[in-house]
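Accompanying notes for the structure given below.
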Amino acid sequence: MPAYATNMRLKFPIMALVLEIITIILFAVFVVYDDDEKDHGHGHHSNETLLEKQHLKLYPMFQDVHVMIFIGFGFLMTFLKRYGFSSVGINLLLAAFGLQWGFLMQGFWHTSGGKIKINILKIINADFSTATVLISFGAVLGKTSPVQLLIMTILEITIFATNEHLVVEYLKANDVGASMIIHAYGAYFGLAVARVLYRPGLRNGHENDGSVYHSDMFAMIGTVFLWMFWPSFNSAIAQSEIEQLTAVINTYLSLAACVLSAYAISSLVEHKGKLDMVHIQNATLAGGVAVGTCADMNIGPFGAMLIGFVAGVISTLGFKYLTPILASNLGIQDTCGVHNLHGMPGILGGLAGIVAVALGKKNGSAAMQAAALASSLGFALVGGAVTGFIMKLPFWGQPPDQNCFDDSIYWEVPEEEEENEESLAHADHSKNKAEA
Amino acid sequence: MPAYATNMRLKFPIMALVLEIITIILFAVFVVYDDDEKDHGHGHHSNETLLEKQHLKLYPMFQDVHVMIFIGFGFLMTFLKRYGFSSVGINLLLAAFGLQWGFLMQGFWHTSGGKIKINILKIINADFSTATVLISFGAVLGKTSPVQLLIMTILEITIFATNEHLVVEYLKANDVGASMIIHAYGAYFGLAVARVLYRPGLRNGHENDGSVYHSDMFAMIGTVFLWMFWPSFNSAIAQSEIEQLTAVINTYLSLAACVLSAYAISSLVEHKGKLDMVHIQNATLAGGVAVGTCADMNIGPFGAMLIGFVAGVISTLGFKYLTPILASNLGIQDTCGVHNLHGMPGILGGLAGIVAVALGKKNGSAAMQAAALASSLGFALVGGAVTGFIMKLPFWGQPPDQNCFDDSIYWEVPEEEEENEESLAHADHSKNKAEA
Amino acid sequence: MPAYATNMRLKFPIMALVLEIITIILFAVFVVYDDDEKDHGHGHHSNETLLEKQHLKLYPMFQDVHVMIFIGFGFLMTFLKRYGFSSVGINLLLAAFGLQWGFLMQGFWHTSGGKIKINILKIINADFSTATVLISFGAVLGKTSPVQLLIMTILEITIFATNEHLVVEYLKANDVGASMIIHAYGAYFGLAVARVLYRPGLRNGHENDGSVYHSDMFAMIGTVFLWMFWPSFNSAIAQSEIEQLTAVINTYLSLAACVLSAYAISSLVEHKGKLDMVHIQNATLAGGVAVGTCADMNIGPFGAMLIGFVAGVISTLGFKYLTPILASNLGIQDTCGVHNLHGMPGILGGLAGIVAVALGKKNGSAAMQAAALASSLGFALVGGAVTGFIMKLPFWGQPPDQNCFDDSIYWEVPEEEEENEESLAHADHSKNKAEA
């Protein structure tokens, strides 16, 4: 049964090495430091120095974004009881490759003398491009092989760069915090892939598709780092310092308001008013997604808080009521619930942007904002579906249903736990029963 | 028994939603961006730009403080074996609400044209105001409901803002790192609350009031992030760049010296010279607290180290000898030992500030420094006692004694562990006994 | 048997207190703030202010380095199943003492009027000096007492400062990211110590010398923070802003390429093509080490990627094939495999620097680069051997073989697990066997 040839011994190393070698060659041919002009003495000395300084000024924000990509997304997905190695490890792999690929794909749209210049602003954008893949990764978490995911990375980032170019250069739409071009795009791309890769065998769940106490604690590391540094994500590429400051403030307030509504709704809809970790880990972040498009606009502090408040409500309700329906009725098995954290809040952000531009909160055209949202969703759904069919080809080593959500299929796991089919959690659990 | 009506289904959601809606309305009425003047063209363009730049300059320090509040305090309290969800989760809830409330309470003392202007400096101060609540949270950790804690947040921050205004504007006392107005205040406020909420039923301890191996590891994440970023906490709001630099250096050195004395004393007082994780997690930070008031003063690098060294000794001895006495003789059950980390080192910081000002290390009046310390302690003890009595009212859903220190009373906990009353820790424990 | 007098009750506290008191006295005599001149009114006001500003500009990079030292190194070593307290706790102790000692040792080479001035640049360098000790700590992890390690800290940093002074001031070699003077030096120093402390009794391994599932997760926190902030490590002390920018870009790219080759080779050499956590935790970082010497040179983006790619290959192969040989044939028991992460990649970095300087990528002398590499290795091997013999003296409380890799010999461990000789891991393990 070729679809389940999950031995990665040759196909994964060959693919990773070939991809990296091709990437290095492309960098050798196309990429130069951004200070080359000065070396050639074109006389723009003071100007260039200013530019460089501005770039170093962005460095702390770059590092915040970097932490969100590698710690934030990586640990957020460690909530599964036996999938922590893959969550943080494959996250690192995809993001490390994706930032190189994204840099090239974004750069090819903006060459100068046939060369792509590399600087801090561009590596922030390269990090951003990987976020789309990490969001989609959440939708298919536990059900895909590293080879499938590398393929997704290549295709998703290539398509992302195209849509981004269209939205920014042609539509000239505002989307400083990328509610549309990263969050909505990444979510619906991932959902389209998940739809194509639908597994009827997991219709009734899987014993490993859940958390244990300490895996939920690891996931909170991801949640809190995402939550804290989101103001940097939404402001890093703002055009002026004033807009950057506005984006920081708006995101800070939106996230704070979102926490309150997410906690309130979680308690309201759960058994005995208890809080649900899935909601807390995810819905508290929806305010950062939803305020993205408007972050640098003059929407007022309370406007940002309203957006965050609504996002927290929608996101929590989505986890409780919509995710089960998507799985059972539409065949979309969304492991991390990215539809609730990135999908709906991303659309909310796009809609808020349309309204804000229509109200004159920033220069722009409401129609172009709407076109940007439509374009992002269209590229996501079509691109995701095509990518899904490519990923479904039967030789990429995807796991059989019973081995989903289990690190031991692609990782050496300590204590030979995979052999006797006992996990830490199971062990304690069964022991308790044995002693009872 | 109404005191134990711990079902949060209605009271928690209603309280959280109403508080957030009121807060958004207050922001809509009172809060504006700090760049409004420029928009109105008052001609201060270059000046304003400078101001904005200074604010963005503070952004990296803001993010360090942000990490201390949400990761530092949050994970520091995860040391309890079955209270990690609450520690990091309720920490997020209280801080997210507290920063909004703190911004308003601090802002109402400094309105301009009836409006409060929001900028980076002010959101640093808003983050600071939440630290008082998170310190007090440590004193009552495991024994209070989310509703009780939201009430404490409102009252403690309101009183904090009043004392801060008095200390800074009227007494004109120095307290750049807030040894007095945050640490001592937060600790004694929390201890007063804990005294009022005294639980005789926990006199002989509780089986969940302790750590397991991996919960101590999670707590170290909090400890180390607090330790690393404390120089930012103590320098963020310093008046000049030179003072900021001095505060960074002094705090860096005080913390380093404190580590050595905390480790030494821990080994000295413990069984067979072993190190105790409780001391390491907490007393290593006392140097950051104690050097706070003097951080920006010309006390000399060795002066900072001396303060840190003494703080490490006092704090460790407090955990070993004082905490048990407070619990047994005074009825103060201080879960995290905030008296040792924030209380005594905070007073030490205040006293050091009096001496330093008397010695002319900074302009100021030793009497006013002493008045500031007395004011902070007075507001804390009276405010905490009043707040404690309000929190004691029998309809806020506080947990019964046997359910203290247990996440499952307010959280959905994976693996239905709450039903069979077996936790990971219990399992090991009982097994060990069974095998003994 | 005096070598195994592991009770730390007196020797550890006395040593720690005496060291700290001596250090404070040395600071009192020799260390002053860097703003003293201005206070004396030498008229260099604007100049000094510029200097100070530059120092504050470095503060975000300082904090990144700080995180690498305390979270990065600390958590990277928590992979052992029962040695997490020591890994992160003793890391904190050694680094906190080491940064004070390193500041003095580096400062004594550059006094001004008999005084050492303290500023941000110098505390970055002080943090750097501790990295050598933390690397060596990795080689002897689990087999040494806190007292032995404090002795190693004093000696290793003193020798480091001497070699650094020789390399920088006399040889005038380039080593901005310290591939040679920190990584190669720290690794070979530690390996020399490990050789002298060779334990035949551990020839066949130790049941605690391995990971469990969640200890590998904690270690990934260390890995990812090191990986993310390495661009700051390699650029913090670069001379100009352009060179700083180049070092950031080169390190970012080298690390990204390194991830791909480390993952590929890990899968290639492991059973069924699975990934091995030891490789992922360590070899993904080799690109940061190896690009260190060249980081600020004009080697081209693809040059940096090539270095990272090769480093990932060498490092992974080293873990798989070389570490077992070193242990069995040379008597070098390298717990963390620092030879693979810091040793070989450090030499690779030194060699790359020789080639790059020979090719004119930066001003300098290839011969001096080679001399710097040789000097670093020579000081490391001789210094490490001498230090090892001092550490081997039979009264420093080193653990007997059977208590190696076990926190409970120097720490109070919760649940009295040390007494009934049951750990969480053992419990699961024995249970599994019992059920088999």
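In order of appearance the chains are A, B and C, and numbering begins at 1 in each one.
Heads up, the rule we're going with is that contacts are C-beta pairs under 8 Å (C-beta built on N, C-alpha and C of every residue); 3 or more make two chains touch, one makes a residue touch a chain.
Keep in mind the model is a prediction, meaning the values are calculated, not measured.
Between chain A and chain B, the superposing rotation on Cα atoms measures out at 120°, rounded to the nearest 5.
Here chain A and chain C face each other with different sets of residues for the most part; under half of the interface numbers are shared between them. One inter-chain figure worth recording: chain A and chain C are separated by 32 Å, centre to centre, where each centre is the mean of the chain's CA atoms.
The set of chain B residues that touch two or more partner chains comprises 60, 214, 221, 428, 431.
Only residues 7-10, 12-14, 16-17, 19-21, 23-25, 27-28, 31-35, 38, 49, 52-53, 55-56, 59-60, 63, 66-67, 70-71, 74-75, 78, 82, 84-85, 88-89, 92-93, 96-97, 99-100, 118-120, 123, 146, 214, 218, 221, 410-415, 417, 420, 422-424, 427-428, 430-431 of chain A touch chain C when the two sit together in their complex.
Chain contact summary for the complex, chain B toward chain C: residues 57, 60-61, 64, 81, 210-214, 216-217, 220-221, 224-225, 227-229, 232, 241-242, 244-246, 248-249, 252-253, 255-257, 259-261, 263-265, 267-268, 270-277, 280, 284, 298, 300-302, 305-306, 309, 425, 428-429, 431-432, 435-436.
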